[in-house]
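Two complexes come next, and they have one chain in common, chain A, joined by chain B in the first and chain C in the second.
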Partner chain A sequence: MKFLGLVLKSAKRSKRRTFLTVMSVAIAVFLFASLRAVLDGFNAGAEASSSTRIVTIRSTSLIFSMPTSHGEAIRVTPGVQDMTWANWFGGIYKDPNNFFANFAVEPESYLRMYPEIQLTPEERTAFIEDRTGCIVGDGLAKRFGFKVGDKITLQVGIPVYGTQDYDFTVRAIYRSGGAAVDNQSMMFHWKYVDERSLVKGQVGWYVIQVSHPDQAVQVAAAIDRKFANSPNETKTDTEKAFQSSFVSMFGNLNLLLGSIALAVVITTLFVAGNTMAMSVRERTTEIAVMRTLGFPSGMIFLLVAGEGLLMAVVGGVLGVAVARALINPNFLNAGGFIPAIGVNTGNMLVGLALSVIIGVLAGLIPATMASRLKIVDALRRVA
Partner chain B sequence: MGLITNYNLRSMTVRKGTAAMTAGGFAMVVAVFVMTLAIAQGFRATLVASGSPGNAIVLRKSATAETVSAVLRTDVPIVESLPQIARGADGRPLASSELVVIIALPRQTDNQPANVPVRGVGPRAYEVRDTLKIVEGRRFSPGIREINVGRLALGRFKGLALGSDVKFGAATWKVVGIFTADDAAFESELWGDVDLMMPAFQRDGYQSMTVKLADASMFDSFKASIEGDPRLHLQPKREQDYYVEQSLAMTTVIRVFGTFVTVILSIGAMFGAMNTMYAAVAYRTREIGTLRALGFSRFRIVTAFLAESIALAVMGGVLGCILALPVHGLSTGTTNFSSFSEVAFKFRITPALMMGGLVFSAVMGAVGGLLPAIRAARIPVARALREI
Partner chain C sequence: MALIELRDVTKAYKRDAIDIPVLERVSISVPEGDFLGLMGPSGSGKSTLLNLLAGIDRPSRGAIRIGDTEISSLSERALAAWRSRHIGFIFQLYNLIPVLTAFENVELPLLLTNLSKKQRRDHVMTALGIVGLSDREKHYPRQLSGGQEQRVAIARAIVTDPTLLLADEPTGDLDAKSAGEVLTLLQRLNEEYKKTIVMVTHDPHAAERAKRVLHLEKGTLVEAQQPVG
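Moving on to the complex of A and B:
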């Protein structure tokens, strides 16, 4: 207790300095936790993807479609339990800058295979029964103020869907029950879009349910074999691989955010270490007096290191708390390609751990300096 | 002024460790600032270099990018007959009707498939885009399944080498040449004969036309001719404007993100500078008292301590620029969301960007040093002199 009192006393010695140091650690931890949250947000879709869902796309690339006849061939492949399909529509809502994901799905099977799309049974029926109906995620609904019953008009973004605008009626607002489905998307009937397409019967990707994760690789290979050497060769992969291919489009995010985080930590180390060194220098005489009074050098070391640690941890708690409050999907909505971002408990723990590391490292040299002080020299020194 | 600045600058060397640590903090901030903006700069430069001032690109009305545009076969002769288009030696118009599709090829680094643009071009494409140079091999021959590969695509994706066969669009294509294009986005693309690409990808129509204008100033009359023709639902754009638009979304994201991170980080560094300067002021209270007693005004004390803080920050800024320099020219790639395909580009640190970094560090130094400097000036002379 006496120990803690002494640490507190010396921290209060220069309130302004302590405040500035705590704040700079808080800022660093805030940045660090936010950056981790951004990275997690990008990877969440891939992490939470189902291991029993596999996705078939054209081997050339996602932008090419394949005929509906592929669906029948896939359905009879051994190991396939269920199947649905979808098309990227790429429609524009009023302005190209209002980007959000919108795609045409086969409603019944799609909702069956994605239990993450949470709807009440009534909402579900309302959507399935209206050919021009659509469902939107609650995040998207909030962004544009969509309500059930609203009309949404999308301009055609991809020429194959004709030239006329498409009108949809919002039949339900879904909630996302897992990161594999985001709450920023809009889905509507594949049939409605297909009727007006210039080329009929085209599917962008098939989603296939297998009964056991171990079967995924085998079934995927069996599907691709069926279409090998046909004009529409396919490439089937796990949902995880499908999702992470979107993340990797941003380039090497891990490296970029990682190096920024490193710079943040180093900057803070400089700032906090510097402060501790200054406060030790200022207290040279004081420390010498304490040593004369019989405080062992180990105790002095602990006192100085403890002060650094205390300031860093207080800063860390502050930074994490601010990050938690500011960086969450309700407060911040990047929209578009950037997924919903929120600071979770894991990010907070990492941030706190970081503040402890900063505290220990920043206090190390000044504490060693203080404990190695020669009493006679120190007492003789002025200022 | 000269004397007092000299005094402050010399005092810095007395507290070498502290000064170095503070400057180090500034250096990291400036390094992050310069590096993130170098990404935006490089990405933009790559796309802007793709457009040449004398060229125009013709797209479907209201199309935002080539990949979502469509130009009918029947539109081509109408556009090509316009008098504003430059003619080649044989009197034929310098125009290239093109098709851009995206294929997936495994990346060299992690074997993950990435989207690579494949451009089917007309026979005059190399004359329309005169920055393109074949550096190895030869141009593809029209009517044969041959392709040319951009230099940056060559290093990034597997299976692209001179003489190798690439399989896409239900056909096999031979790589017969490698081209450069002054670092433009084309260097990330594969080029082949548009008349072979169209059946290979089951397309029936072009997506865009790029034409060389007889004179850059003729763009307005070219635009008027196209938009005035009731048979055409097309819209021409200056090639350079088109590519600037393409880069806008991505560069904005990077700039906003980069600014957000550096501004927050700089607040931390400014707190560090404040600490250092407060300590410097406290340590030298007696000296300040002496200076005041000698007749230096409060204002001069403020400016002198501000100068000290700014000098410290600028030294950090210079160090930060040096730290950031090695990434210059480093090639990386990201997806251009306007075309949904991968574009390779290089980090670009320009002198202007470094100047920006230095100005930024000076501002940080000034803000961080202001309060301590004012404090230095406010110290009562008599008490300061008495201080031990």
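Moving on to the complex of A and C:
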């Protein structure tokens, strides 16, 4: 402990340089923790997906639809236990900037197959019985102040749904019981939308329940075989793959964000290392004096390395604290595409560990330089 | 038995594979309680001799014994520990740590000991008292005059009560008045506190304060004098 004062005094020698070094580590750790949180958010939906739900989409792309006749064929496929369907509606609430996910679903089967959408029996009935009713996630309700009974008007976002605005009544506010369903979405009756669509009887995707995860691959293949060589070929995959396909619309995020984080960290490592090496060079005489007083080279190494570690850890604490404060579900609203993003304790610990690694690695060369200093040569330089 | 015993000490530096001799078979014996002045022109090897005595440089040949310890055979680690116990070094340019107060500068060598915080404080205040700077303990080096800085450096050198005080041109950067004060202080440490001192100097006035002066020229002792003054 008696040497801590020495390390602190040394770090305060050039306040501006120390501040900049601490800030560079803080920014690197902030970015790292934030990017990790974003990646976790993107992956959480896929990770939490059900292993007994499979999803059928058009083989060409998710943006193309299928006829309702596909549903009847799917329902009778061996191994299919239950089935529902949905369409991406893409409606606009007042302003395109108010983006959130809104789906047209077959309410009864959809709620049956997604127990993660938590409603009371009364709320469920109220939604099912009102053709223009809708349910909204509690996150979305909080964001726009929606309450049960409110009227919500969505402008048409995709021309196939006509030109007239759609009016809905909020029948319930659901809670999310798992990351597979976010709390930022709005769902309403598929029939209501289909009635006003320019092309009737179209479905965006089917969700199929199988009794056992082992059956998923077999049932998926059987479904796709049914529509092979038809004008509307299908691609059936696990819900996890389906969730990932949403994420993959943004490109290879893991690689992209991971690369950015790595580049930032490595750059910071070099910046911090160079700054500390400069600081050691400036202190050559002082280090030589301390060695003359009897400080062993090992202790000089620890003092210099400790200084680097201290700066990096202070930067790390600052970085994760700011990341925790700023990166929360309210900061980035992905409109239900991905579950809420927030820097969690795991992200913070990884960020702190990273700052320790930066501190240790950045201090290694300067500390070695300092400990190997030849006293006589160092004193002669100033004499 | 003499406190310092140098036997046939030779020191040469290597520059581009060429040996440049600095000290040539120097033998000196310094009794305990001596105040030895080392004089000589630049490049005569007096600072090198001081560095060898301090254990911060090693002789190319020959042996150096200080007290009971043959320091030329000690490992780097052992030498560092030995320095912390036995050597007090006073530099020409004071070499105080600018971010530490006078108190903290003087306390620095004590951090290597097992003394408690209170014991360290007592030692530091005693040392600052001896050099007459008790009231400047909280001052930073930049807030002190050159003479005061050197007195703090002397306090740092004596705070561990070392066996030997080594001073490399201690007045070389001071005005005449401050130089006089520093020399008086060194004399007092020698006479009153019985400290053995070896001082390198260019200045004949400074050398006059020593009990004995040795002259070095081109790495060899050319003249030995009995106590001056």
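Criterion: the second predicted complex is superposed on the first by the 319 of 383 C-alpha atoms of A that agree within 3 Å, B and C clash if a C-alpha of one lies under 4 Å from a C-alpha of the other, contacts with A are read in each partner's own complex, and residues count from 1 in each chain.
Keep this in mind: contacts are C-beta pairs under 8 Å (C-beta built on N, C-alpha and C of every residue); 3 or more make two chains touch, one makes a residue touch a chain.
All figures in this text were calculated on a predicted structure; none of them were measured in a lab.
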For A:Met66, using the defined touch cut-off, is the partner it touches chain B, chain C, both, or neither? Pick first, second, both or neither. neither
Touched partner set for A:Ile327, first chain B, second chain C, both or neither: neither
Quick one: classify A:Leu31 as touching chain B (first), chain C (second), both or neither. first
Of the two partners chain B and chain C, more of chain A gets touched by chain B
Under the stated touch criterion, which partner chain does A:Val376 make contact with: chain B (first), chain C (second), both, or neither? second
Tell me the contact category for A:Ile266 with respect to chain B and chain C: first, second, both or neither. first
On the A-aligned overlay, A:Met23 touches which partner chain: chain B = first, chain C = second, or both, or neither? first
State which residues of chain A lie in both footprints, the one left by chain B and the one left by chain C. 382-383
Parts of chain C lying in touch with chain A, wherever the complex brings them together: 47, 51, 54, 56-57, 76-77, 80-85, 87, 89, 91-93, 95, 97-100, 104, 108-109, 111-112, 117, 156
Quick one: which bits of chain A touch chain B in the complex? Just the residue numbers, please. 16-17, 20-21, 23-24, 27-28, 30-31, 35, 59-64, 90, 96, 155, 157-159, 231, 233, 235, 244-245, 248-252, 256, 259-260, 263-264, 266-268, 270-271, 273-275, 277-278, 282, 337, 382-383
Touching residues (chain side chain B, partner chain A) in the complex: 17-18, 21-22, 24-25, 28-29, 31-32, 35-36, 39, 60, 62, 64, 67-70, 101-104, 110, 112-115, 168-170, 201-202, 261, 264-265, 267-269, 271-272, 274-276, 278-279, 282-283, 332-335, 337, 340, 342, 388
In the complex formed with chain C, which residues of chain A make contact? 2-3, 5-6, 9-10, 12-13, 285-286, 289-299, 375-376, 379, 382-383
